[in-house]
Amino acid sequence: MCLGIPGQVKEIYDMNGIRMGKVDFNGIVKDVCLAYLPDITVGDYTIVHVGFAITRLDEQSALETLALFQSIGLLDEELRSNAAEEEAA
Amino acid sequence: MSEGLNFEGWSCPLPLRDHPNIVMGHGGGGKLSAELVEHLFLPAFADSGAVDMGDAALIAVGGAHLAFSTDSFVVRPLFFPGGNIGELAVNGTINDIAMRGAQPLVLSAGFILEEGLPLDQLAAIAHSMGVAARRAGVTLVAGDTKVVDRGHGDGVYINTSGFGIVPEGIDIGPTRAQPGDAIIVSGTIGDHGIAILSVREGLEFGATVESDTAPLNGLVADLLDETRNIHVLRDPTRGGVASALNEIARASQVGIVIDERNLPVQDAVRAACELLGMDPLYVANEGKLIAIAPASDAERLLARMRAHPLGRQAAIIGRVTADHPGLVAARTGIGGTRIVDMMVGEQLPRIC
Amino acid sequence: MKYLDEYRDPDLAQRLFAEIRRITTRPWAIMEVCGGQTHSIIRNGIDQLLPEAIELIHGPGCPVCVTPLEIIDKALAIASRPNVIFCSFGDMLRVPGSAKDLFRVKSEGGDVRVVYSPLDAVRLAQQHPDREVVFFGIGFETTAPANAMAVLQAHRLGLRNFSMLVSHVLVPPAISAIMESPTNRVQGFLAAGHVCSVMGTWQYRPLVERYHVPIVVTGFEPLDVLEGIRRVVLQLEAGRAELDNAYERAVRPEGNVAAQQVLSEVFEVTDRAWRGIGVIPQSGWRLRNAYRAYDAEARFAVGDIQTRESPICRSGEVLQGMLKPNQCPAFGKECTPRTPLGATMVSSEGACAAYYQYGRFIKAEEVGVAR
Amino acid sequence: MSEGLNFEGWSCPLPLRDHPNIVMGHGGGGKLSAELVEHLFLPAFADSGAVDMGDAALIAVGGAHLAFSTDSFVVRPLFFPGGNIGELAVNGTINDIAMRGAQPLVLSAGFILEEGLPLDQLAAIAHSMGVAARRAGVTLVAGDTKVVDRGHGDGVYINTSGFGIVPEGIDIGPTRAQPGDAIIVSGTIGDHGIAILSVREGLEFGATVESDTAPLNGLVADLLDETRNIHVLRDPTRGGVASALNEIARASQVGIVIDERNLPVQDAVRAACELLGMDPLYVANEGKLIAIAPASDAERLLARMRAHPLGRQAAIIGRVTADHPGLVAARTGIGGTRIVDMMVGEQLPRIC
Amino acid sequence: MKYLDEYRDPDLAQRLFAEIRRITTRPWAIMEVCGGQTHSIIRNGIDQLLPEAIELIHGPGCPVCVTPLEIIDKALAIASRPNVIFCSFGDMLRVPGSAKDLFRVKSEGGDVRVVYSPLDAVRLAQQHPDREVVFFGIGFETTAPANAMAVLQAHRLGLRNFSMLVSHVLVPPAISAIMESPTNRVQGFLAAGHVCSVMGTWQYRPLVERYHVPIVVTGFEPLDVLEGIRRVVLQLEAGRAELDNAYERAVRPEGNVAAQQVLSEVFEVTDRAWRGIGVIPQSGWRLRNAYRAYDAEARFAVGDIQTRESPICRSGEVLQGMLKPNQCPAFGKECTPRTPLGATMVSSEGACAAYYQYGRFIKAEEVGVAR
Amino acid sequence: MCLGIPGQVKEIYDMNGIRMGKVDFNGIVKDVCLAYLPDITVGDYTIVHVGFAITRLDEQSALETLALFQSIGLLDEELRSNAAEEEAA
């Protein structure tokens, strides 16, 4: 459920008392309700679901996750090369 | 009461019975559209001939072969980024004719105008049609105008019909795909559909995507100049590349495999599809073609496509197989496989 | 796209597949709760590339699928009224009620409109003061803050012609219900990342403890899903049952507090029927009394509409992970996306539709695509 | 914003300016329709060719000449005494092709369906189209279906386009009327228009009048068998015999004189016209033709027409003159004279 | 058709022409009051076949033509309202107001419908209780009973959504006004047969006596018109001025008493402006106070709409017989049925349109048709 | 003004308290309000204007008028033949 897409906040404005923003999705700009992210600022990334920003994306965590994937890969590759060595042996 | 008013005699064949009325999906270019043709129109027209599955019908006239096609255009809004309904209507029928390898010759234009349409809008549309026809080198020779009561139309509907001459020795059609053929697409997919969605009421986003509407007869002429050995040409309009490939797989009784990683998709189109939960494979194009030809000729054709302004982003996206006839499969980004089925009705924005 | 493409990297995916193969020593049944994850799994062919030992069970996490037939019938009744503009997310239009769907209602003259956001429906109510605008407020905890805000906004604007047909459902009670089921086979859960973005992860700790079941909060891209699976398998192989978060870039333990505040302002917890499953206690949200004026069910007096579900459809078992879609006798025969018998065949998130659309009954081998 | 959205550049030529929007009369087949073509469509399409004034355009393909025509059908009600929109659409384009002396070969059918249309109605319409095509010996070879939102259509709109082959040596067209020619009409006039009015909301009377919808290619073949020396053929549809004769008078720059006493009009049609204050000369026909040929051949042609089932009530109604070029005059019942002008918009029921 | 075809017999027509030629010794100016007669005269080419000495002057008897511009503008304003169904006889749709016509209003979204009878409008009001149905109640004494009955019927049915924009005009005051005009040239009148069917012939005796002018009640078919002319000429040549009835099969001296009773129940006499002529005292009917609730002018508050007529158009003079249409400088140039400047160019009954449509500026000789 | 067409009453009926009839115009049958002709009976001819019968056609008068036309014609023809005789004379 809950198709959510990451985009970058480009502009913040007010509409009838609601905090709104223009969010860029790789070239597509859409008006999005920011009421649930009172602290988000221009330049931040957010996940948008049915026109609402529901969470701020944390770059640090994102990088850590990716680094983890890389390390798994390395571990795996090590293992594979170990296995290959063993086979070769 | 006249015989025309007696509906009792007619019985609606399954599987249409579950829809006693026309729904939007019957015009969506997917399964519902196909069923309407197969179960309703073809039986009715049967003894008078057959509605051709391809983009255009082939007619023998004296020694020549003509490709004859018709399409009605009901796009909203009338004006959209990259074009308008008039340009679309001219290019659309030109392309259907070109998909038989024919050089389009003449077009007719039938207008259904809604009372109240501003004349300056109609003039702008007509102007675009003239420009588009000249661009493609075809002549608008016959016309018709009807006006319907306000509230019974939608500004302008346009039908274009027309024909062109199939050069001697050319045999291109949806039944001719063969195992081993390569599948080439002439450029980025989904541009037109997303350009239209981008301005539709309730689904507006910054309009950076333009419709790709363009006449493909010049590109086709170049390809035929490169080699006459092309098996299928197809403009993937309504229903997108997925529906076009499904129709070809069924008509030729072959399997088709595409590699999703090779599909050319503009960044903004991809983003819009992500946002709406849509698949670019199902989004309409109005200036792209799919060419299916022996793999041995694929690179030559690709190079020739890329040399043409309308084919710069052409790519080989898949191949024809003897396996799983009638089915289209896709190799996914991470190396998995999925079936690429025909759409049922229209593609709808998803929330989840 | 940033934060998407990195998580679709085919090479990293192969490494994760390899790692999962490496750590898996015996069969495990893991449920991805969320329909979005089901979609991602099937669309990317993840299940085909996983080791045989790992069985993915598709959970009841597609809001379109679990919205009860009775609510659909109420929606159809309301949408058929002459003065109503009925607004819905696109995927609800093809969900069959007892006799028809919203497409059919539209073709019969109902004014049914697809909106992208509930705020679009509020705007329509402003633009058409002489019409009744009804929004079909379905979804899980992710969608609820948007719907709550629409009610609040209508209230602020004093719109008397706006109302909402509310059928919100909650994930944790569904997990409880699955674990309580005597036929349950699920050994670990991928929790729904976006739900947790809103609600936080704390709600899941009691479930982990009560049922001694691993729960890993998981995202939606292929690498996210694989990482979630890897972490569940790691726990299962080690005999552990912990709450873990594999979607840290988007999910904080406390969730979105601002959203939670608005949710508890507008909604209150209630028993809720799930299509194909039955009533799960305290598993849904309804409008609080203070906002009952916006309740479409009351406004249009559709309270006494009652409906039975199709006797053939086994989507209840599918939703509970007791049956794979292609094990249903109707699958691909009487029941296709063209002629759906159950809601799980309707939404492309629905387990049956996802199977049909992307996997159907043929295996990848039969398709003959080189790996 | 795209170039298509810029209307400022275009200036609306008089005399269209007094109607900034499309009104019903622009589709009525009278002066407003003609002005729309002349001042808006022709200039827009100009460099791409010309919209032919006749019923069908002539296209040279290799050695052959093809007559190519299009028409959209928006008739209400869909089913009327004597036929339905499908039959009408097939016969209509067949007739336009036949009016160039061509033998119609193939037709396309483009449907614009309104969401909610009962499928059994669509099936009945398609069935009639098949029957009509077989009756006329033409083949329905190409089709297209679009669906528009409920409230944006009117059940069914149908475009038919098609072409036929003009036999060697035949030269029939609206510019070829010559002083001294006789004017023959193939039967009673006004039947179709009155049949439609008879069931229109608010103007109901006992439906004893049936539409005359019929394919005229067989009749034309008989006439050409009798003599190839026919100058003009015309099916007097929208705008009736009066508008058709006015168009011919202008295109050929001749005068035309008809004798009202010789006009074949059914009693019930005449009565309906009296009741509504209408003139049968302006009422639509869908199965009649006007033939203009040298007076010396007139009696032969008349006899040949009367020998055909669709021409039993044919009559010589007038002649072509060198005087008053561009004008149509009528000798009245009591021997007076009046000008028979083109209609402006639609003919409206009069109270007084 | 019985009672029509007999009166169109070409041989008898030639005899009547000959007889008129025989009895006419000097020029006479005769006005046919009624637009229907004008239509018949031009459509049949009667004027061309009459002796030169007989000049037919086309009178103000076309209701479409004489309806004041101000009333047209009020009709356009009412028809433009979103909730109104505006019903009219077909010939009013092309009558130009100051800026547009009803066709234009329709093309701009107004719900304008052509009806054959005012009772059709009442039926529409029954069918659309949520809409305001307005009928454009124009016409002479012939049409007035139908319109009066529609008001009565709406009243009986308790229809609160039906109203009528009334602009009825009366023939006798118009004849008075013409005879009183200092520039008057009319020496005899063909009175309007159908008006007299309703009102009888007695209203015309005072006019005959006051102005010493022959008045012959006349029908509409060619022979009827010729007989009317013959009888007027007979009187003129003999210096007589009598009231005569040449349409006895349809007109009784007392008229239709039942209709007259309903007319005086529903309507009362009022001053009325005639387009192109000006106000003629006591020359129209309006709704009585008892039926004022059905007065569209009051219901839609269009009372303050005021308009000037086109300065170029000379239809006033045409309507008074002071100018032949083709003597108007705009005739056939700025003013055609396609671009009418005055109402007399709009209705095919209107003198200017009748001239344009059937006679235009060319003479029969120039058309070259053998007599 | 006032297009009025003769037709024959074929049937008389009541609609919401209004006297109505089916009137035949040479094959075209139309529902017409007969409220203003309380005495008209089936078979009679009437003039119809905007859906209302406004007067009964009197056959006797109609025949007399036609006879008059004929006599005028005869008179005229006599005169012409007299004139021809004179000329011949």
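We just call them A, B, C, D, E and F in the order they show up, numbering each chain from 1.
The working rule: contacts are C-beta pairs under 8 Å (C-beta built on N, C-alpha and C of every residue); 3 or more make two chains touch, one makes a residue touch a chain.
This structure is a prediction, so every number in the text was calculated from the model and none was measured.
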For this session: Mind listing the chains that sit against subunit C and also against subunit F?
Result: D
Problem set entry | Intersection of the contact lists for subunit B and subunit C | A, D
For this session: Over half of interface residue numbers shared between subunit B and subunit D means same, under half means different, so which is it?
Result: same
Exercise. In terms of CA centroid distance, which chain is the most far removed from subunit C?
Worked result: F
For this session: Averaged over CA atoms, how far is the centre of subunit A from the centre of subunit E? Could you give it in whole Å?
Result: 78
Exercise. So, what's the distance in Å between the C-alpha centres of subunit E and subunit D?
Worked result: 34
Exercise. What whole-Å value do you get for the distance between subunit D and subunit F if each is reduced to the mean of its CA atoms?
Worked result: 36
Seminar exercise, completed: Among subunit C residues, those touching two or more other chains are 1, 4, 35-36, 62-63, 89, 106-108, 116, 120, 139, 143, 349
Problem set entry | Of all residues in subunit F, the ones touching two or more other chains | 1-3, 5, 25-26, 49-50
Problem set entry | Residues of subunit B engaged with two or more neighbouring chains | 19, 21-25, 115-116, 267, 270-271, 274, 277, 350-352
Problem set entry | Contacting chain pairs - touch in the sense defined above | A-B, A-C, B-C, B-D, B-E, C-D, D-E, D-F, E-F
For this session: Provide the residue numbers of subunit D that touch subunit E in the complex, in ascending order.
Result: 15, 18-19, 21-25, 31-32, 202-203, 255, 257, 261, 267, 270-271, 274, 276-277, 321, 323-324, 327, 329, 331-339, 341, 344-345, 348-352
Seminar exercise, completed: subunit B contacts subunit A in the complex at 198, 204-206, 208-209, 267-268, 270-272, 274-275, 277, 350-352
For this session: State the interface residues of subunit F toward subunit E in the complex, per the touch definition above.
Result: 1-6, 8, 16-18, 25-26, 33, 35-38, 45, 47, 49-52, 54-55, 57-59, 61-62, 64-66, 68-70, 72-73, 75-77, 79-80
For this session: Using the touch rule from the top, collect the residues of subunit B that touch subunit D in their complex.
Result: 2, 4-7, 10, 12, 16, 19-28, 33, 36-37, 40-41, 44-52, 56-57, 59, 61-64, 66, 68-74, 79-84, 87, 105-106, 108-124, 126-130, 133-134, 138-149, 151-154, 157, 159, 161, 163, 165, 210
Problem set entry | subunit D-touching residues of subunit C, taken from the complex the two chains share | 106-109
